[in-house]
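Following this line, the structures themselves.
Two complexes, one shared chain (chain A), two partners (chain B, chain C).
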Partner chain A sequence: MLKLSDVHVFYGHVHALKGVNLTVEDGKIVSLLGGNGAGKSTTLKMISRLVQPKKGNYEIDGKSLMKDSPSQVVKKGIIHCPENRRVFPLLTVEENLMIGAYNRRDKHIKEDLQKVFTYFPRLKERIKQKAGTLSGGEQQMLAIGRSLMGKPKVLLLDEPSLGIAPILVKEIFEIVKQINKDGTSVLLVEQNAHMALSISDYSYVLENGHIALEGNSQELKDNDEVRRLYLGG
Partner chain B sequence: MKQLINNHKPWLILLVLFMLVYPFIVGHSGYMVSIFVMICIYAISAMSLDLLIGYGGQISIGHAGFLSIGGYTVAILTSKLGLPFLLTLPLAGVVTGIIGLFIGLPAVRLSGHFLAVVTLGFGLSIPQIALNWDSLTGGYSGLSLMRPSFLSSDLQFFYVIVVMTVLITWLLHNILKSRMGRAFLAIRESEVAAQATGINVPFYKTVMFVISSFFTGLAGGLYGYWIGFVSPNDFTVVTSFLLLGMIVVGGLASIPGAVIGAIIFTVLPELTRSFVGVTNIIIGLAVVLIILFRPHGLISLFDAFKAKSKRKAGNDQDLLISEQEQGGTVKDVNI
Partner chain C sequence: MQIIVSGLIFGCIYALAALGLVLIFKTTEVANFAHGEMAMLTTFVSYVFLTSYGFPYLVSLVLALLFATIFGLFVYFVFMKRVQSAPHLNQVVLTLGLFMVFNGVAGIIWGYQPSSFPEAFHGDPYEIGGVFISLNEIFVVILTLILMLGFFLLFRFTRLGLAMRAASQDTMASELMGIKVSGVFMGAWAIGTALGGIGGMMTAPVTFLSPNMMSEVLILAFAGAVLGGFISLPGAVFGGLIIGVIENLISYYIAPELKIVFVFLLILIVLYIRPQGIFGGAKIIKKV
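Entry: the complex of A and B
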């Protein structure tokens, strides 16, 4: 269980997160909604320590992560799949995936590689291809696959639908659901509120750096305010 | 060494054999042997620099400073303290590596142009320090040093340099093929993604500088012993730029590329020596032409050749990366 309590983040003088409380229960998909600049991506970046929190605490399974570096956070099973895909463009698909297993020394890496290929058969077809030559959707699949290679307990997914054809978005979300069924908790940041609410169990709505609303995704879907602000009426 | 011997690439064995019989081929000509030695010293430095720039994506235009430090370390330790060769040469690497650590620490925070300026400052200051620290470096007059008696002849020391070059090439090759090498590549491609996958970016950036300066320092030490004399003018900032030229002309992120670059930049000035005054023009022209027609360096000639023979075999799966992709690497936005 990943738990954030009263987390504050500053960019210089800008107070980006103003005391965020949020919990990702084991085995659940939790989505984080909100408009541009609400602090969704910042929350994920804070958890993976790409940006530093100034105040507050957060922990996984009761162990605090406040003093950890990005690589230590990854070792504790929290893996960030960053926005805009960020695959390594000049490395092959296989090399990209192997880098995902960078911190692991166990013997199951090859099995997990096969598992990634069962989620994303397309990646197997392109195993020797340079990642930069893949389409946007395939790069997103690769980025998720790379995160899975690190054996996450909690997967932080930032905008997996960004700039991807609608039909592929559906496919990717189906796979995210499958990944979750196989035992990985997911914290999903998504502009596409419809999609996010329909696959997640619980949702938070961020506004201006704090949680404005939270609840079961199904309930939020019927909430008038959410409908008006994020679902278009 | 096993890997070298069991290697399936016969040309590699031929190359090593060639290096071993080279002095006999050229009839023990001191001039030819000396060119070969300089190629080896520059090849080690260029490969080390390539690890940093080509594989790690961290720029350095002060690498000649590390060569100087390596040279001065052996000179000072031999002439002032009388330490034996077997100790001074490794120490040249260690001392330079420690200095590299201090240059690498700011690199953790700096990148791109800023890192270039910091390393440039380093490269400029080393000859000045050597010039002004009279008591240690002998100032203008430099320092001379003696090779140990069991390596006193040039032929003996030639073999030391050949063995060291082969050994260092093999070490660098293995480092780049290892987990650590993968981390370097990941950092070059995208620091954010590397960090998000759990690679300790600050640590590996520093390690890159240490490894690169360690081997460059060894090259500097070998140079000191070969010439028997070090002075502030041996490796100036011009050398740094030449090293940069070597790896770009040869082909970035390629060990053979760095070696080819070292050969060209050592042999070309010798070949054009008779055209007094136009040497640099000829070298400059050659470099411009190579970059113009082979933007990925001379090594890409071999890749193109390989791709051709593959295609003939009915396998055109292998995609050559276009220039656009090469230049289109996703740049990290500051977060």
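Entry: the complex of A and C
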């Protein structure tokens, strides 16, 4: 279980997160909604320690992460799949996936590679291709596959639908659901609130750096305010 | 034939200097103009071990490379780390500044009077098929090829090499995959500086040891690296060799004063036809 309590983040003088409380229960998909600049990506970046928290605490399975570096967070099983995919364009698909397993020393890396290929058979077809030559959707698949190679307990997924053909978006969300069924919790940041609410169990709505609303995704879908602000009436 | 072989040996010296340049550039995206001066300082340090302490050649080499490793880390932590994400121009100005600082420091400590520096191996040249080649020259060639191959394999097939390539393409994504990017950069600076030191110690017997010994070598090493694409280690060696040979041919058949002019003419032509260099490959595909 990943738990954030009263987390504050500053960018210079800008108070970007103003005391965020949030919990990702084991085996759940939790979505984080909100407009531009509400602090969604900042929350994920704080968890993976690309930005530093100023105050508060956060922990996984009771172990605090406040003093950790990005690589220590990865070792504790929290892996951040960043916005805009950020695959390594000049490395092959296979090399990109192996980078995901960079911190692992166990013998199951090969098996997990095969598992990624069962989620994303397209990647197997393109295994020797440079990642920069893939389509946007394929790159997103590669980015998710790369994160899975680190064997995450919690996968932080930032805007997986950004700039991707609608038909692939559906496919990717189906696979995210499958990954979750196979035992990985997911914290999903997504502009497409409709999509996010329909695949997640629980949702938080961020406004101006604090949680304005939270609840079961099904209930939020019927909430008037959420409908008006994020689902287009 | 003798001219070509001698050119190849000069080429190896450029290649050795270029390898360190490319290693640092490939990983950290910094074009280190102070590379030659760092190599020169390392060579002076080895000279101190050789003459003041009277250590044997091999011991002095190892100690000097140890110094180079620490020196590389020092340069990274004190200077380069702060400008790692700054614009390239800032980095260039900083490394040019370091070039002058190191040159001046060496001048103050050791003076500008050139002194001779021993070769790794002594002995009269052998004659093979009408070509004269000394044991030391054979050593330089083999050393260059081994280092090139070794680092090529490191980049291509090891976990560290993969991390180095990843870190150069996207530091943020590398951090997110659990790579300690600053550790990788430290490694590149340490190894790159040591490689430069080896280049310096191979250069000094030819050019004599002085604070300015590396300036021409470094320019030609840069040229060789550019010719090879600047991110390819075999490219750097191949580029260095081509330049060594051309330079020697021009000196012999046309005029020694014109050799640099012709070398740069060649680079101009190659880059006009293949802007990414001979081994550069497709650096163009960036993020979609």
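General remarks:
Just so we're on the same page, the second predicted complex is superposed on the first by the 233 of 233 C-alpha atoms of A that agree within 3 Å, B and C clash if a C-alpha of one lies under 4 Å from a C-alpha of the other, contacts with A are read in each partner's own complex, and residues count from 1 in each chain.
Convention: a residue touches a chain if its C-beta (ideal position, glycine included) is under 8 Å from a C-beta of that chain, and two chains touch if they have at least 3 such contacts.
If you're wondering where the values come from, they're calculated on a predicted model, not measured in any experiment.
Overlay on chain A: chain B and chain C clash in the combined arrangement.
Once the two complexes are laid over each other on the shared chain, residue contacts for A:129 go to chain B alone; chain C is not touched.
Touch criterion not met for A:169: it reaches neither chain B nor chain C.
Within the superposed three-chain model, A:51 lies in touch with chain B and out of touch with chain C [touch as defined at top]. Applying the stated contact rule after C-alpha superposition, one finds that A:98 touches each of chain B and chain C. Shared-chain residue A:32: touches no atom of chain B or chain C.
Shared-chain residue A:82: touches chain B and chain C both. By the touch criterion defined above, A:71 lies against chain B and chain C together after alignment on the C-alpha atoms of chain A. Residues common to the contacts of chain A with chain B and with chain C across the two structures: 48, 50, 69-71, 74-75, 79-82, 84, 86-91, 95, 98-100, 102-103, 130, 132-133, 146, 150.
Only residues 159, 162-163, 165-166, 169-170, 172-180, 282-283, 285-288 of chain C touch chain A when the two sit together in their complex.
Considering their complex, residues 179, 182-183, 185-186, 189-190, 192-201, 317, 319, 321, 325-326, 328-330, 335 of chain B touch chain A.
Taken together, the chain A residues at the contact with chain C in this complex read 48, 50, 69-71, 74-75, 79-82, 84-91, 95, 98-100, 102-103, 130, 132-133, 135-136, 139, 146, 150. Within the complex formed with chain B, the residues of chain A that make contact are 45, 48, 50-51, 69-71, 73-75, 79-82, 84, 86-91, 95, 98-100, 102-103, 128-130, 132-133, 143, 146-147, 150.
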